[in-house]
Every structure is written in C-alpha cells, then in structure tokens.
Amino acid sequence: MDLTCTEEEEEFRARLRAWLAATLPGLPPRPDPRDWPGRRAYDTAWQRRLYDAGYAGLHWPADAGGHGATPTQHLIFLEETELAGAPYVGANFVGLLHAGPTIAAEGTLAQRSRWLPPILRGDEIWCQGFSEPDAGSDLASLRTRAVRDGDAYVVTGSKIWTSHAEVADWCELLVRTRPVSADVPGHRGITWLALPMNAPGVTVRPLRTLAGTTEFAEMFLDEVRVPAAHRVGEENDGWRVTMVTLSFERGTAFVGEVVACRRTLRALAEAARGNGRWDDQEVRRALGRLNAEFTALWRLTQWNVSEAQRAGGVPGNGGSVFKLRYSHARQELYDTAARVLGPGCLDLAHDWTTDRLSSLSYTIAAGTSQIQRNIVADRVLGLPKGR
Amino acid sequence: MDLTCTEEEEEFRARLRAWLAATLPGLPPRPDPRDWPGRRAYDTAWQRRLYDAGYAGLHWPADAGGHGATPTQHLIFLEETELAGAPYVGANFVGLLHAGPTIAAEGTLAQRSRWLPPILRGDEIWCQGFSEPDAGSDLASLRTRAVRDGDAYVVTGSKIWTSHAEVADWCELLVRTRPVSADVPGHRGITWLALPMNAPGVTVRPLRTLAGTTEFAEMFLDEVRVPAAHRVGEENDGWRVTMVTLSFERGTAFVGEVVACRRTLRALAEAARGNGRWDDQEVRRALGRLNAEFTALWRLTQWNVSEAQRAGGVPGNGGSVFKLRYSHARQELYDTAARVLGPGCLDLAHDWTTDRLSSLSYTIAAGTSQIQRNIVADRVLGLPKGR
Amino acid sequence: MDFRLTDDQRALQEGVRKLLEGRFGRERLRAAVDGPGAEPVPSLDRALWRELGDAGFFGLRLPERDGGVGLGLPEAVLAFEEAGRALLPGPLVATHLAAGTVPGAATGKTVVARVDGELVEWLDAADHVLGNAAGAVPVRSVDPLTPLHRVPGAAGERGAVTGSGVVTGSGAESGSGAAGGFGAADAVLAALLTAAEQLGSAGRTTEAAVRYAREREQFGRPIGSFQAVKHLCAQMLVRTETARAAVYGAAVTGDAVEIAGAKLLADDAAVRNARDCLQVHGGMGFTWEADVHLHLKRAWTRAERWPAEREAAELLAAALR
Amino acid sequence: MDFRLTDDQRALQEGVRKLLEGRFGRERLRAAVDGPGAEPVPSLDRALWRELGDAGFFGLRLPERDGGVGLGLPEAVLAFEEAGRALLPGPLVATHLAAGTVPGAATGKTVVARVDGELVEWLDAADHVLGNAAGAVPVRSVDPLTPLHRVPGAAGERGAVTGSGVVTGSGAESGSGAAGGFGAADAVLAALLTAAEQLGSAGRTTEAAVRYAREREQFGRPIGSFQAVKHLCAQMLVRTETARAAVYGAAVTGDAVEIAGAKLLADDAAVRNARDCLQVHGGMGFTWEADVHLHLKRAWTRAERWPAEREAAELLAAALR
C-alpha cells in the first residue's frame, strides 16, 4: 500500500506542472459552447501543444507514436492538467481514447501510419458511431448494415449519441456485415470501419439534450461507400476489435472528473458558508459525507490504477464498481448543490444547475447502472446468469 | 372522498369505546412473553370476553357465527382497541384471520359447526403449517407429502415459521398429495388439512429468532395420520382454497400497527425533546418526515378499506403497495429511534431496540419486498413476465 | 367512511382530463416548449386561460351565487392533479386562489401571479400580482415552461404557518392575509394545490415509464420483463399511491400540517418518479424530445414553492406532540 | 505509487485469517453465542487472547526493540479487517492501542478496555481501563458478543479531534493524551481500526450473501439468478470496495479527517451490507442460527464508537476549505 510517487513520477509531475504554468496563460479564450468550428480549433490547438511538448499519446505504446507512460503517469497527467485548469480533451476524445488505441492494437502498419499521427498532432478529429436508436444497452443488436460491393462496403443505417460529429473527419463505425440468425448471435457479424465523414450519403443532425445543449448528434447513412481498406480487423470480427479497446481502461477514465468534483465540493462549502446554508446541519453534513465519498473515490481510482499497472494494462472489473459509485455520488453532489443554492437551483445562470442536468446522464451513458450491476454480479461475484 | 363516519359507525365506535373503558381495567396482568401456557390463557380469556360482548368474528359472515361487519367497522374496531391499549389478537391470530375464514368459505356444514364456534369463543387455538425450509417465497414448491391410507392421510415432512405451535390445538396444514411433474405444476396437487396438534408423530421445536425470542417454531411430521374428513375442499385443490382466504384481506391487515407506529412516533419526539436530540436538525426533521409518512399510511389504509368496502370484500392489489411502503417506513421508524437514543440504541432494555430487531423481518415475512414488487409490476402495472 | 371518489368527482376528473387533452395535448405542449430560439420565452395562452375560466377551473370553489362552481377542496385537488399530469403551464394556483378577490380571476380574464419567498412565476404575463414584486429581476428558469423572477431581499424563511389550523374557506373568504394579499390560509391552500400538481406528474411519469418498458426491446425482449426495470416501476407506483392518499386525505381534512406532509410526499414522488422515468427511458430520456425532462424540471420548480422539503419537515416535526 | 498490498502484507493477511479460522472458526463463534441461558454473558477467551498476543496482533506496531513486530498502520488495518471478518470478540482496539503503555497488553496477558463516550465494552473482563469508568452500570447489550457498560454522566459530544492532524505514531508514542490515558491521536487510531473491523464484516456479509444466493433455489432456480438479488449483491460489493479504498487510504496517510471519512463509509458498508445479507437470506436470515444478525449487531455497536455518523460528518464538513 504505497501512495507515494517514485522519484521518476515526481519528476514527471514537476516537469508537467512547470510546463502547464508556462503554457496555460498563453492560451486563447475558450470558445462559445455553441461554436463548433471554434471548439474544434481550440481543442486541436491544445492537442498540438501537447504534441509539441511530448505529452500527446502519453499512454500509447511507442510503436503507435506514444510515450508508453504507466497508468500512474497517466493519472498524474490527468490530475495535474485538471488541477491547473487546462483544456479538456474535448473533440480529441474519441481519437485519443478509443479509435486511436483500437487502430494501434488491431490496425495494419499502413492503417496505423495513416491515422495515428494526425490524431496525436490534433490534425484529425474522430467520432464514434456505435449506438443506434434501437441498440443502446444491447449494442450487439445494432442494425446499420454494410454490404460488400467490390472494394468497398455500402453502408445504410443510423447512429445516435455521436459526439463532435459536426466537426469530425472520421468516424469509427460498427456495422452489421452478417445478419443475425439462429447460428449467428448478435455480436458476431459486426465489422469495424473507419468512415470518412465527408463521404456522400452521410447526414449529421444535432441532437438536443435535456440540458438544452447539442453535444451529441444523430448520424444518418444512406448507401455510403467505405473503402474495404478502411476496415480494421477481420470482417465480422468487429465486436472483439472494439471490446479489446473498450476494456483497455486502466482505471484512469474519471481522474479529471473526480478532481473536478472535489473542487466543486469545496466551492459548495464556501458558497454555503457565504449564504447561511452552512448553519443547516443537514446541508453541512451532506457536504461532509460527500467529502468522505469523493476522497474514497479518489483512493478507489488510485487502487484501480495500481491494479492496472501491475496487471500490465489488462482490465479488471473495478471499472464497473467505480462507475456505479461515482455516477451516484456525482448526482448526489449536484442535488446537494441545489440544497445549497435553495431557490437559486432553478436558475440556469448557476453552472451547478446546468451541471445538475448533465449529471442525469451519468447513470445511463456508457452502460446504465442496471447493466453495470449485472456486470458486477455476473463477472465479479460469479452469480448465475438469469434466463 | 369522505373520511367522516356514518352515524351508525359512530355509534359502533362509541359503544366499543365504552365497553373497552369498562373492561380493560379488569384484565389480569400480561404474562411473561416466555410463558406460553400463560399467554394462551391470557389471549383466549380476552377472546372469550370479546365473544361475550359480541365482538368476536366481527367481520365474519353471519352464517359462520360472525357479525358481518363492514371493513370500515372492522377498521374502527382495530383502531379503537389499539388506541385503548387492549390485548392483541395473539394466539387467536390464525384461527380468526386465516384458518377460520378458510373453513367458513370452503368447509362443509359439519366442518364449520365443528371448528368455527371454538375459534370465536377462544376455546381452540390454530396455527399455520404453510412455509417449509425450502419453500418460502416459492410456497408452491412445498414438499411435505400426504399419502391416502384408508380414511386418513399419512403426512410426513417439516414446516417452519409456525407461530403459537406450542399451544395450538389445530394446524391448518398444506400438504402435497400429487407429485410435481411436467403435467402437474407446483401449485396443483396441494391439499388443505386440519391437523390435530396432539396427533402422534407431531414434534414442535421452538425456533429462535435474531431478536432472541421464540415466537416461531419448527414442526416435524413423521407419518402423522390425519382423518380424511379433516380435509377442507377437494384433494389437490388446497392452493385455491388457501388463496381465497389469503387474498380475503380487506385493507385492515395493518390497522393496529399503523396506529401503534403513530403513537411510537410521538413518544420518540417526546424522548428527543427530553434528551436534547431534538436540537439536531437531522433527527428532528427525520421525525417530521415520518409524521408525513405514517399519516399517509393511515390515509392509504382508509383508501384500501374503502376500496374493499365498495368491492364487497374482494381484494385489490393495494395490499402490496401498502406493505412495500409500510415495511420500509417501519424499519425507518426504528432506525430513527436509534438516532434518538444515541448509544442507548445498543441497550435491549429499551423496547425500541427490540422492536428494531423485530422490524427487520418486515421486508421478508409474508412476501419479501422483492416478491411484492414483482406482484405490483406484473399484476397492477401489467408489465410482461420475466423468463 | 368512503374515501373513494364519488361519481361526480370521477366525472369532474374525466372532464378536466378531456378538456386538457383537447386544448393542451402533446403537440401543443411541444409547440410551447420548442418555440423559436434556444431558450424561447414562453408566453401564456390567453385563449386557453379563458377557456379554463369558462370550464370553472379557477372558480371551482367559489359559491355559485358568486359565479363559481361551488365545489370544495377535494374537487380542486382533482382538477390540479390533471393540470400536473398535462404539464399545463401558467400561474394556475395563484389565479385559482385569487378567484374570489381579484376581479376577472375566476373567469380567466385576469392572470394572477404571486410572490412566494424570493421567487415569482409568470410575472411578466400577470395582470395582477399578489405580494410585493418590486425590483424583481428575470431568472434563466430551468423549466422552459415556467418563467421566473427573483425578488431581491425577499429571501429568508417563509411561511408564518405553524400549528395545525384547518383551512376550509373558499377563495372568497381568504386572500386578505398578512403577506401582500396572500394570507397564511392561502399559503396552505397553495401548498395543497401544488401537491396535487406534483401528484399528477408522478402518476403521469409512472405511466410513461410503464408504457416505454412494455414497448422498448433490448436483448430480445421488452425491458419491462427485467426485474430491475419492473422494480423501478413498482416503486414509482408505490410513491404515487402513497402521495395520492396523502394529498386526497389532506384535501378532505384541510389540516395545515397534513397538507405540509402531502406536499413533502408529493414533491418526493414527482421528483423521484421523473428521475426513475428518465432512467427507464435510458438515452432517449436524456433527449429534449422526450417529455420526461419537462416533468422533472417542473417538479423541481414546484418543490421550491412553500413549503420546501426542509420547511415541511420542520412543520411536521413541530406538530408531533 | 502502488496502492496494492505488498507480498508481505498479503502474507500477513493470510496468516491472520488462518490463525482466526483455526482458533475462532464458526463452531467456536457459535459456542460463544449460544452459551447457556437466554442471554449468556460472554466471557473472554484468555487463552485465545494470549495466542493473539503471541502472534503479534497487539504488538504489531510496537518497535521490535520493545518486543513488537515493528509494522505500521496499514498492517494493523489488515489484521483488524480479519478480526472483523471473523467476528472476533473482545476489546481488541483498546488492547492494541495500549500495547506500548500498559504492561502486558502487547503479549495479551493484560486485557485493556477503554471508555468511549458513555460506553465501555468488555469492562468486566478488563485488567486495565483507559478512562474513567467510575459508576459504570451494565447494559443489556444488543450484541451477544460485546458486553457493555454505561458510564452515567459521560454523555455529550466526544472527540476533541478537529482539523486534519496526521497520526503516524506507534502505540509507544501515544496513549498519554488528555482523556484518561487515551489521547486524541489514540482516538483517531481507534476510529481507523474500528473502520477496518467494519470493512472486514462488510466483506464477509457480501461473501455470505453471494454464497447463499448461489445455493438457495426458489421457483426452480438459484435466487442469485434473479436480477433483484443480483443487484443487491452488486451494491454490497460496491459498498465494500469503496470502504476498502477509504480505509486503506486512510491507513496510508494517517490523516485524521480521512480516517473519519473511512469510518463513516465503513460503518455504512457494514450496517447496510448486513441488512442486505439478511434480506438475501430471507426467513433464514431472521433466525438466531444464521450468523448475519451477529454481523449486524456488531456493526451497530462499532458504529456508535467515536466518531459516530453525525460526528464524522461534522468533522468532514469542517475540513472542507
């Protein structure tokens, strides 16, 4: 049980901190959230700076253009950038955290050479085309179909919950290349394709969330031709290709968010002290309990990262345990914020009000809490499968 | 929406109240809870007084020796007896609330004449032999078997959670008379028998609960001969025979308990005011919330009773809704009691500590909360059955 | 004792439901929500308001001699429950309570808003304001169908109501209390009618969740066949029916403490049911197109009306003697 | 950074588990619980106590030169987690903390009790008492394996610990504080070791629930195949693993506020897991024969040790700056 950093890790942290201190003041002002081209430009410029400073693809393997950092170094990177208030990964998210690692693990040399460097440099943006209106929790039931026609696949269908689709160059797309039948279960017969977003037949429509924002989009594909050379992995093997990376989660997925929640919690305490709600024992103790909660979640993050480090990046199922607890804690945080704000919680001018709205997705996105509990029960506890 | 009582109902209440005021002071002291013969004598003497005063079998039909009272009158009876601190139904419970009504509904004239009057007079005590160690939530899987031999059934098996078995004269027993097979589902092939508790081969062993008490017993049956004339209903039709009465619940099941909980709540507030915990906003507001909760549960009781009255005693499924909420509220009540007591909550000398232990069974007994939620989802909301 | 609805009450309930379905159905609701601009300022539908007045929605409890319908609190609660189901916008409670005192309120000609603590709903649309809204500044309201203003300096603990008074008066007898034409008895009535709206919302989201759970298939079967979803829905019904008993009971007794309890339970049912409904809907529930967020936001808004959870709990505690 | 257990820590954990399985296995536990009489007064097993002393349980953190094992807080936490798993009775925390100051405590020769607020555990069995237990009267303890006394007049708020001091000392350096030989640093250490016991209990009830859910059949299949039961068990694991991260983290940092947080989460995990375990066991869980009630009662008892939930929450709030 060692929570201290090695000398090497401390050096890494010090260097990063110094670089952040020198770099962040020179950044341009953040763009308006509704200005998509502005956001892309901002996010990619930041990625380029990271690239130039040697922080791009920190945790990617060297042969993919990365720096092969340990999970601990990655944790330090995420912690320090959040503490320093650096820009978020933003539009680079899918490229850096999913499509890129997938290509790094399963792509050919040519594919890696073509797609990875632009991701690391911030030259190209990726989005994700996995979920469909009728395939959410049950992703294996996806219906977007691709038919081989010469040296291309012809793709028709629709995707949903695609972030940054408006400004993406590429989409990592899952399509059905073999119909489901008695012999072919849903997760067989899926293929992974890199779709150029400017291909004819691709239509993107912003999807408005309950928070009023359009962070996500729907994507409609009408006989879109995707070169067969853009297939990563074998035909019908896309489920495995995808899961390899989906499970390539080294405990660092929520590092920045937990750091941010702890900061929000302190801000809430300060606000409560300022507006008198601190004298309400219920509110005050709720804040105290959240202090215990997020401290524990930070320790749980360190625990999962340590596990991942020892196990060499192979996933544990600690991710589901963490996500269940974290999703709930985060919603609790903003419900408590509402108690601190009192009637002010109805005012969208408070960031906490909009954050409260966004936090409603936490128990749904990337596996509902119900699905996560199934995973914990079946895979971690070994309870018998239901029928 | 009328919560006022009719003149007739108010007269009934006034008469009852006067009788209780005159009668209760003359009762002997309550026996020690571990003195079973003493408890039987106390409970049956009380039943005899009710009988003599015309309150025995209040809600039973006249042709069963009862008074055909409406659900509202029954509610008034239960409310007033609880408010007055009258003895509980105690050892008469199964006879008055289950075995008796079953015999009244399904028994022959001879059976009704033999068994009902002694129940109403407090001369005979019944217990219930339904649950088995391996048949709890899934009662239909019971295994105690009965084989016909001449004019008797020979019964072998074991039962559990049998209250008052030590002092009972009769047991309403469910036995399997036809083995389960592909053609015979579990709930077919069950037969209802009246077992004389003094029959050779009946062994009763007290079952200690986590509260340290022995309110329940296990019963072992070793080739016990039960006359076939003691069968109520047809052979293999015992499931229906039983369910007719199990569902003959007119919303009054928890009347006394809700009244008692509201009294406990006021006592808790008084104790909190006395020991300073009242100044703790969390404790105080928890008591306030429970006030809302138990007031609502009282209204829900009145609602269910009104439904039952209009529907002529036919059950609604409001019982499951009520039980789900009430079980939880009651556990919450005693958890709040523990907060009022502080470290004193560890002292069994406080009734609230032992009541807290007993309340742990509320989400389990008579259908776990999980089973109740299934019932609500399937029967009330019409959600599709799981597989 | 017969707590169930009378035939007349059932007819009233059905009548209001039909009226609202016809005049403020789903298309009308979405049109109001999806107006032009990212955050359209909702405008009050004056024609609908008049129609509500004609139907007796506002004058429900006024004596017939004063042009009212001459009904009681239980009937008003049933009408407001329907309004909550339909997400009907506007200062319904204030206008209803002003029906006996503010000319034109009963007929729906005059729209009445009221100051409740530091918030006022629908101030710009109002012809008449109960309470002092001087200096009110607009708020970017979380509920797209409830414009809000904040009255600076009006914060602090609200509600002079303590003890267990019983309110039975019609609008005609109240409305002349201490706080700017909105007395303690009116505050209690407002709490009850708000609770009724919350109850309607809780019932509506339960139905919506059940319907979606029956239709939506994942893993080859309706999600409503999974115990996890079944049990979410079952708990929604339990919350709704408990709140219903509390609200109807409080309507019959008119007891101020019982009304505080009804508001507490109805607030809880409305907010938690909306959240569970959202959870059952999964990703679709997170979209603007689904109605569930409208229920949640309105439920949050109503929960802030007096008495808020904290205030209700204190009132209910103080009454424990 | 490597938060995982070292090989040595793993070996220690396994060693303590084996020791307790051999010396205080299920039969021994039940014999202690099911002694003669309805409420047998548990007696302390002195031979076991000496054996624990020999194994270094009490002197774990004493320097080797003082006859101790020379290990740190993380190791002590692992040992106490095992004690919590096994429901090991006796004033373990007090004796462990007295190891450096009370002669014979380290070896298990001297049994040490301590006054915590108004309660003292195992007073009659103790050779030495930390704090003033004058006038203590016996209590009918809810936990059959934890005899309790109440010290009249000792009630009121406990714990002079505020701020975020860090405790790193071994027993030798503490034990001489303000409150009757039990200083603030010791109180914090006691909280941490209590949290470790709660963690052990939470883990044990999770395992018990999972095992029962796999074996028990109803409706023709193991109850663990029903989502409702699956999800109860999953939430038990989530509570346990969150508490584990909190307790282990607090053991490494020794931070007083972090320890309060660890106690809060471990108390919650132990109590709620015991209740969920009981629920999974159904009727069988309600029997005296099942062990689950012993976990619940002990968890309740430990939750009352300083800091109780309310005290911990206040400490954690005050630290938010």
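As written, the chains take the letters A, B, C and D, and residue 1 is the first residue of each chain.
What we mean here is this: contacts are C-beta pairs under 8 Å (C-beta built on N, C-alpha and C of every residue); 3 or more make two chains touch, one makes a residue touch a chain.
Computed from a predicted structure; not experimentally measured.
With contacts counted as defined, which of the two, A-C or B-C, has more C-beta pairs across the interface?
It is B-C, judged by the count of C-beta pairs in contact.
How many Å are there between the centre of chain A and the centre of chain D, using C-alpha atoms for each centre?
For chain A versus chain D, the centre distance works out to 39 Å.
Find the geometric centre of each of chain C and chain D from their Cα atoms only, then give the gap between the two centres in Å, rounded to an integer.
Once rounded, the distance between the two centres reads 49 Å.
Give the residues of chain B touching no fewer than two other chains, as numbers and ranges.
280, 282, 285, 370, 373, 386-387
Of all residues in chain D, which are in touch with two or more distinct other chains?
Residues 226-229, 231, 310 of chain D touch two or more partner chains.
When you draw the chains as points and link the ones that touch, which shape shows up: line, ring, star, complete, or other?
complete
Spell out the part of chain A that touches chain B in their complex, as residue ranges.
280-282, 285, 386-387
If we count contacts the way the header does, which residues on chain D are in touch with chain C in the complex?
226-228, 231
Using the touch definition from the top, list the residues of chain A that touch chain D in their complex.
Contacts found on chain A: 1-6, 9, 72, 75, 265-266, 269, 284-289, 291-293, 295-300, 302-303, 305-307, 309-310, 318, 321, 324-325, 370, 372-374, 376-378, 380-387.
Residues of chain A touching chain C in their complex?
For this pair, the touching residues of chain A are 34, 131, 133-134, 136-138, 141, 160-161, 207-210, 212, 280, 282, 338, 342-343, 345-349, 353, 357, 360-361, 363-365, 368-370, 373.
In their complex, what parts of chain D are in touch with chain B?
Residues 38-39, 117-119, 139-143, 148, 150, 155, 217-220, 226, 228-229, 275, 278-279, 282-290, 292-293, 296, 300-301, 304, 308, 310.
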